[in-house]
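What follows is a single structure, written as structure tokens, with notes after it.
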Amino acid sequence: MLTVTDLACARGGVPVLSGVSFAVPAGGVLILRGPNGVGKTTLLRTLAGLQPALSGTVDFPEDQGAYASHADGVKATLTVTENLTFWAQVHGSRMPDDILATFDLETLRDRMAGTLSAGQKRRLGLARLGVIGRKVLFLDEPTVSLDAFSVRLFADFLRDRHLAQGGLAVIATHIDLGIDAPELDLTPFKAGPQTTGGSDEAFL
Amino acid sequence: MLTVTDLACARGGVPVLSGVSFAVPAGGVLILRGPNGVGKTTLLRTLAGLQPALSGTVDFPEDQGAYASHADGVKATLTVTENLTFWAQVHGSRMPDDILATFDLETLRDRMAGTLSAGQKRRLGLARLGVIGRKVLFLDEPTVSLDAFSVRLFADFLRDRHLAQGGLAVIATHIDLGIDAPELDLTPFKAGPQTTGGSDEAFL
Amino acid sequence: MSIWEYANPKKFMGWTAPLVPWLFGLAGACLIVGLVWGFFLTPDDYKQGSTVKIIYLHVPSALMAINAWFMMLIASLIWLVRRHHVSALAAKAAAPVGVVMTLIALFTGAVWGQPMWGTWWAWDPRLTSFLILFLFYLGYIALWAAIEDPDTAADLTSVLCIVGSVFAVLSRYAVNFWNQGLHQGASLSMDKADHVANVFYIPLLVCIAGFVLLFIALVLLRTRTEIRVRRMSALIARTRPTEVTT
Amino acid sequence: MIALLIRDLRLAVRAGGGFGLGLAFFLIVIVLVPFGVGPEAAVLTRIAPGILWVAALLAALLSLDRIFALDFEDGSLALLATSPLPLEGVALVKALAHWITTGLPLTLAAPVLGFLLNLDGPAYPWLLASLALGTPALSMIGAFGAALTVGLRRGGLLLSLLVLPLYVPTLIFGAEVVRRGAEGMPVTTPLLMLAGITVGGFALLPFAAAAALRVNLR
Amino acid sequence: MIALLIRDLRLAVRAGGGFGLGLAFFLIVIVLVPFGVGPEAAVLTRIAPGILWVAALLAALLSLDRIFALDFEDGSLALLATSPLPLEGVALVKALAHWITTGLPLTLAAPVLGFLLNLDGPAYPWLLASLALGTPALSMIGAFGAALTVGLRRGGLLLSLLVLPLYVPTLIFGAEVVRRGAEGMPVTTPLLMLAGITVGGFALLPFAAAAALRVNLR
Amino acid sequence: MIPDLGKYAGPVLSAYGVAIVLLVGLVVVSIWRARKVKAALEWIEGKRNG
């Protein structure tokens, strides 16, 4: 269960969004929409706790959040399996046996991640989400570079494994994921020049 | 005019594609399709001359090729205008006055490129194509991270400015660009294990 | 009203505005009096000859070089604990002043060393630890310059300042240790101040006062400039993206 | 934490991981010095302890930016920060991994290179001892500096500027141990100081490093 | 080409560009050596020419990987390779930019640092002359090494390993000029050799560097 | 006017010279930058309000 109340967040010290409120129940998904530069990435990073909020609260079960973006921590000189095992160990969880199959990585399991194509690497990054056992996912454009088939793999994973087990997700994307979920357009929440709380506020 | 005859290309020493032949007339576009890992990136890099072909020929007017991928040579510590001017100067061309407007970058012209959002940076990378005055474009997933509006900006640029002036383009993408163009699915050209020409061939 | 209210940027700009010219005036007066007195009106030392006049520059600048770092340390702690922007900016503003003081101390010491010790530079503990202080200043300033986001820069330079202070003290001790083991040491002693006669002592005090005042004036002025820069970038940021100039 | 250590070591020995290059750099500096200074044995013997320590320090320094920068760039660091591992532990483990891949081989190779500089016979055991005690401190202090500069692209040289003054006490005590060892003087005091710096550094600097990392991840 | 030079200089002076850090590193190495070697003036005077040159070389070395690596990572290098500029010209300009941001400030600062090492009076003009003549060669040789290693992530130390042997002749002649200058001996021969290396390097190495770049871009 | 500095005139005068140049330089640079920034800020504030 994720509850966001009256959140304002900033990028580079400048308020970008303000007054964002929503709630996502367990087993639910929220899709963030909005034109380039509206602040999706900023919002997701704030939700995941990677940057402090200007004001407002983000509430979800402690130690259950996970953030994933383009930079998904895949090491080029480790194999696919080594990459996944590492993250499983860090999170103290076991790697599910079928996770490679879920993301169609079985034939690639012993390949160095650096030799994967863009889409294959992306699938590996997504497979990490199935390994760390976190319930609250914050995903920034998870399907970049994926072909239609892989997008479906991802949607299936999300629906059948993550949400079915009581997980939830907030996803920023520009494309249609094939998941039936409420959407939130961020355009109305764009911070005006008067938004308070910027780190440079004392100077105005 | 771009002509490709019986091309075979390799990645990491392993043949990936073979027997690729096609021609794109001036003013035409070819869209490359195929699942992740089929070899689109490899083909485009070979066409652009960044890696040697195993066999076959690529033929287009000399010094007219330009390659663009995720890594689009945008310097984070130069402003948007400085980035574009530099590439114009390197190519000995003048920066068209309306190029910033074409990609909706006018309000961002004096921002450091490092502070742009993912989509804004992508637009800057694409604007470079309008500055260097090259006729034969090889584009690898040019619309990654772009919202629907920006994809249209790009399609308009391609149609009204590039193709209308006799340019041509080969584009690898997983989405619908809104351009009416022939598509080439690379799946049938996947190199079998017998394909000759790999750099390790002498050892087989 | 809590004393911290004075650290609000707007308030700070308000109460420092009338102060700065007075401080500069006072500092200038002290320096002119002290230096003229010291340079023209004091006798030569029987042993050091006219070189003793260098003391009026060397000692105050060496004092201020150390105190500037001390001030930066305190300002950094205040920033980390209470997050008052002005204290972070004051630390930033003080660093270049500290460097100049260090340079003056180093240079005057060096030209004094040539006639006194027969060498420009010796690896005496005191000189050496000063050189290390100079390096700390350089690193601190370079870190400020390298980081774009001002709050991040303030945080990181503060941490550096604190850790650096610990290591500066440690090196001071290490250098002492090192030189006792190897160096004859005697020729480098600098304990003359204890014996300095009043003729030298009073103008020296005036000069020290001048340096202290000049330091305060400069730090205030530069802090005000830094505040304005922050305000400027804040305003520019807020007018984005409708129009951006400069 | 063990998993992290193993991963870092594995990454270091894989292609492009940089294992052994610190050692190579150490070797090359030691070889260059006689080219610059000239080949006289007496001079070399005199400066050998100092040069060996300075070279070890530079070799450690050059690989510092690997400690966090790669993990920062590909997002691993942000993921580690949101993982159950405490960031202090991450800093500590990474310093340790740096020491195992740099400081340790360097310590083991130093006696061999001592020959090249004509180091005095009695100094060899002390060279080993001082490097074994001192190089962990170099790694930990370096990890702190790397944490400060991780957000900067190619912070490499800035990192050097920040870290080198912090290395001064370690260098002085380390070289002093070797020099005294060469001259048969008692070495207890500097050796103790060296140990003190290492222990103190490992006790306190992980916290400073973690704080810097948190700021940089913001 | 002018545009490229201007861009590189501009990037160098922008935040994180690393201008002045080579200088700082030079300063710090010079400062560290006495900490290691000990404070005796006679010893320092004796080794000053060699140490100054070794330090200059290391300072140049450390910033080498900036020459091409950043442009390689963000794709600029591939774009430059397909642009009308000849790749030889690109290599030359980048070596030049490296010299302006590293070698030149280093040369100008060297006399000041000579004081710290108690360098003999008559040696100062020769220190300046030898560095002014020799550092361009360091930049050009370094650009060649950087071109060889550009495809490797964090090739930094490998780069050092490759480049240092190539630096040996420059180092020997450079230090020799200063040492002879200090002792009042004739310096013409080593000075001429130094000039020869620089001229030869700039005439030939751009081609080698461009060839290496082409291979790495493949 | 200038007192007799004896054989140490060089060191003393250069010490005073360099120190004063450094101090005056620092003051001038600080004031110059303060003026510049102040003007720029006023320009921006004026534009915002007017």
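Chains: A, B, C, D, E and F, in written order; residue numbering restarts at 1 for each.
Heads up, the rule we're going with is that a residue touches a chain if its C-beta (ideal position, glycine included) is under 8 Å from a C-beta of that chain, and two chains touch if they have at least 3 such contacts.
Predicted, not measured: the structure shown is a model, and the values here were computed from it.
Each step here moves to a touching chain, and the least such steps from subunit A to subunit F number 2.
Same-residue interface: subunit A and subunit B share over half of the residue numbers found at their contact. Summarising the inter-chain contacts, the pair of chains with the most C-beta pairs in contact is D-E.
Per-chain Cα centroids separate subunit A from subunit E by 45 Å. With centres set at the average Cα position, the gap from subunit C to subunit E is 34 Å.
Separating the centre of subunit A from that of subunit C, both taken as means of CA atoms, is a distance of 48 Å.
Centre-to-centre separation of subunit B and subunit E, using mean CA positions: 37 Å. Residue numbers of subunit A whose C-beta contacts span two or more other chains: 12, 70. Those residues of subunit D in touch with two or more other chains are numbered 16, 152-153, 155, 158, 161, 164-165, 168, 172, 218. Subunit C has residues 132, 135, 138, 142, 146-148, 178, 231, 235, 239-240 in contact with two or more other chains. Considering their complex, residues 11-12, 34-37, 39, 41, 70, 115-120, 122-123, 141, 144-150, 174-175 of subunit A touch subunit B. Those residues of subunit F lying in contact with subunit C across their complex are 1-9, 11-12, 14-16, 18-19, 22-23, 25-27, 30-31, 33-34, 37-38, 40-41, 44-45, 48. Residue ranges on subunit E touching subunit C, taken from their complex, read 15-16, 20-21, 24, 27-28, 31, 34-35, 38-41, 115-116, 118. Residues 8-10, 85, 148-151, 227, 230-231, 233-235, 237-240 of subunit C touch subunit A in their complex.
Partner subunit C is touched in their complex by these residues of subunit A: 12-14, 193, 198-204.
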